[in-house]
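Can you keep this structure in mind? I'll have questions shortly.
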Amino acid sequence: MTGDELKEYIVGHLEGKLKPLESGKHDPLFEVQESDLLTVAQVLRDDENLKFDFLSCISGVDTGERFEIVYSLASLANNLRIDLKVVLSREKPEVESVQEIWPAANWYEREIWELYGFDIKNHGNLTRFLLADDWDQGYPMRKDWDAPDFVRFPELER
Amino acid sequence: MLEYLAVLIFIVAGIGIVLFTFFFARLLRPSNPYPEKTINYECSELPFGSSWVQFNNRFYIFGLIFVIFDVEAVFLFPWAVAFSQLGLYALIEMVVFIVILFYGIYYAWRKGALKWV
Amino acid sequence: MSGLLTQEFTVNMGPHHPSTHGVCRLILTMDGEKVVKIEPVIGYLHRSMEKICENRTYAQCVPLMDRFEYVTAMSAEYVFVNAVEKLAEIEVPERAEYLRVIMLELNRIASHLIFYGATAMDIGALTPFIYGLRERELIIDLFEMTCGQRLTYNYMKIGGVSHDIPKEFIPKCREAVKIIGEKMSDYEGLLNENPIWLARTKNVGVLPTDLAKAYGVSGPVLRASGVKYDIRKNDPYSIYDRFDFNIPCRHNGDSYDRYLLRLDEIRESLKIIIQALDGLPEGDTLKKVNPFNFKPPAGEMYSRIENSRGEMGVYIISDGTTKPLRVKMRGSSYNHVQVLPKVATGVLIADLVATFATLDVIMPEVDR
Amino acid sequence: MGIIKKLPVYSEKIPGGGLVLTSLDAIFNYSRACSVWYLLFGTACCAIELMCTGAARYDFDRLGMIFRATPRQADVIIVAGTITKKFAPRLRRLYDQMAEPRYIIAMGGCTVNGGPFYYDCYSVEKGIDHIVPVDVYIPGCPPRPESLLEGCLHLQKKIKTQTISDWQEK
């Protein structure tokens, strides 16, 4: 299935739950509401000729004004690859944990919780992970984060 | 009497060399123990929990059985070397020795000591 | 004997340990020699690469990608450069594509040779370490000849490769390929039928197929568990569809299969290199792009390639400025450490070390 | 450590004492310099270069340097790789657990002052000289095995200039 057929098939199959975005350059990118993320993920994994059983990675994104979380999925059986994007609210970013569908998500979500501060609901063990044990300076990967010893790369004027 | 003197010198020299190497190094090397140095090394982490626990000593039992039969082999060597001059009597003697030890391993085997848990 | 009352104790297989391939800490709850529970603690090499990439221009991110995965630095560079070229639709000249494939495959062999040496050293054999690294030096000479560095090459630029190969590269490369082809029999003769090696790795750390897929395991570890999936074949990038090579695949997923599979992959890579050397066209090697104000169009892109450890991916979001908005680096070792507790509990600690070695984990991919 | 502590004091009084002290220094320093055992320690990219230096072509054994897995038996830590804020206390503990006389070789740009991770980085220690006392710095990212060998030769020169009298304070 090429990119466009895949897009129609998925949009047709999951009527209204997700809409394709143009910013996905190479593989189809869909936007999903946070509420029906789990149902979409369940369908994508179990549908007969989709079978996205391989979760490549989950990327937390802070675009300066909004938070997003992107799931990159792949299907080993049918050689397909898509991305799912969920836009989160700026004040209280929280998202459902997709751990039951893809167990690989455990550590990715834990890392996003620690570096971005998204609250992952019923994840299980959201504990200190990558940062130093006595880290208390907030969520470092956010764009508006700063710290006393955080040295910015000087702007080289061209 | 003179021979015993040689044995005495031999013993004194043996013990002396051991003690010398052991204590002379202690005099020469710098020793500066302080608390951070004397915690035991656990992959650069602070050791937690205690290692004073009861554990399954399957290796210890195997080691014990091995030592018994290693010593048996030590006794076999002189006999095997001088086998031709010793004649029939030594042969019977050694066979009895081996049978007794064979009974030992049979006992350990039946008792389940050789079972790998 | 089994009715003994035995207590468990916890011990650190901690950040500084000869067999944790860097700084990964495993908190082990042990019952005598048997490992009851493993809890990996990572983060000792978390160098916040993704935060750094957000304040660098695209050309400046490439040397940083070398440090993301330094054993196969060429593949780390390639995955980033490939993503940017697809975002900006840049056509790479033919000769550069061939040079890239040659460098990628040479780097895969170098990485498998380090795997061969390090795994054998973890399990207790010291000679393979010297064997493996002796042949690897031949490959490092080739890299040094073209881009001047031994480990972090900064060789691939956006739009091609930075330097063309010198004259004596091709004969030296053919000679290196021939020597490694011959030395493969030494490697296999040393370990394949070695009874100690078999006892230490046969059906040790068996990773069933569904567990492997569920935990996002990829690369030789996945192919050793019976899933014949290789991104070079299933989702070909660059010019891999022009070369014919097959994908070794084994089925019982234990440490011995993972070890054998990587030796087979060295042979496949040798075949690819020979075909690429024969088909190397003439022409220029870089479609010049001004690195200082290079602005790819806004968009998002997840590019993934098959490096020696598994699927390596980069998710780039560009907002049309000279600096990427977000660069998410995906290393396959991240999933391999995550699957380790599921694979290596209830075994003796010696088997845990063998399993951890054959999963071929290196820490920058895990901690980034 | 009884006699050696008082040896410099006595040797000043005896007329030929200085000769005894310097010759003893020479023996100690020569034996220590020619068999510096390094700790098997590597966090990042420099560790691969350390492995290559330990392997067949750039052999460490020529300098008498053998890798030891525990700090108890090591004389020098070749800090090969980036030291993050999470790992700094561990490095300090490793250094503490080594027996005197002990040395530190800071290998690679990251250990000198943070290297490529100096700017925009929230989790890397900018250089290790405020964690452990460093004897030899080796620049490079990663430094070539030849420069690592040269660093070790510098360390040997440094060991050969030491005297017993300055052991007392360390």
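We just call them A, B, C and D in the order they show up, numbering each chain from 1.
Keep in mind that, in the parts below, a contact is a pair of C-beta atoms (placed from the backbone, for glycine too) under 8 Å apart; a residue touches a chain by one contact, two chains touch by 3 or more.
The model shown is predicted, which means the values in this text are computed figures rather than measured ones.
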Shared chain contacts [chain A and chain D, defined touch]: C
So which chain is farthest from chain C, going by the mean of the CA atoms in each chain? B
Counting C-beta pairs in contact, which comes out ahead: C-D or B-D? C-D
For the pair chain A and chain B, the C-alpha centroid-to-centroid distance in angstrom is 61
Taking the mean of the C-alpha atoms as each chain's centre, how many Å separate chain B from chain D? 37
Can you check how far apart chain C and chain D are, centre to centre, with Cα atoms defining each centre and the answer in Å? 32
Here the gap between chain B and chain C, centre to centre from mean Cα coordinates and rounded to Å, is 46
Could you list which residues of chain A touch at least two other chains? 130-132, 140, 152-153
Can you list the chain C residues in contact with two or more other chains? 14-16, 43, 46, 48, 51, 54-56
Using the touch rule from the top of the page, what residues of chain D touch 2 or more other chains? 84, 86, 90, 94, 119-120, 122-123
Please categorise the chain-chain contact pattern as a line, ring, star, complete graph or other. other
Any idea which chain A residues touch chain C in the complex? 23-27, 29, 53-57, 59, 61-63, 70, 72, 74, 76, 79, 81, 83, 85, 102-104, 106-108, 129-132, 140-141, 143, 152-153, 158
Chain D-touching residues of chain C, taken from the complex the two chains share: 14-16, 18, 22-23, 43-48, 51-52, 54-56, 63-64, 66-67, 70-71, 114, 117-118, 129-130, 133-134, 136-137, 140, 150-152, 363-364
What part of chain D is in contact with chain B in the complex they form? 1-4, 28, 70-72, 90-91, 93-94, 96-97, 99-101, 167, 170
In their complex, what parts of chain D are in touch with chain C? 40-45, 47-49, 51-52, 55-57, 69, 81-82, 84, 86-87, 90, 94, 116-117, 119-124, 141-142, 144
Show me the residue ranges of chain D that touch chain A in the complex, using the header's touch definition. 84-86, 118-120, 122-123, 126
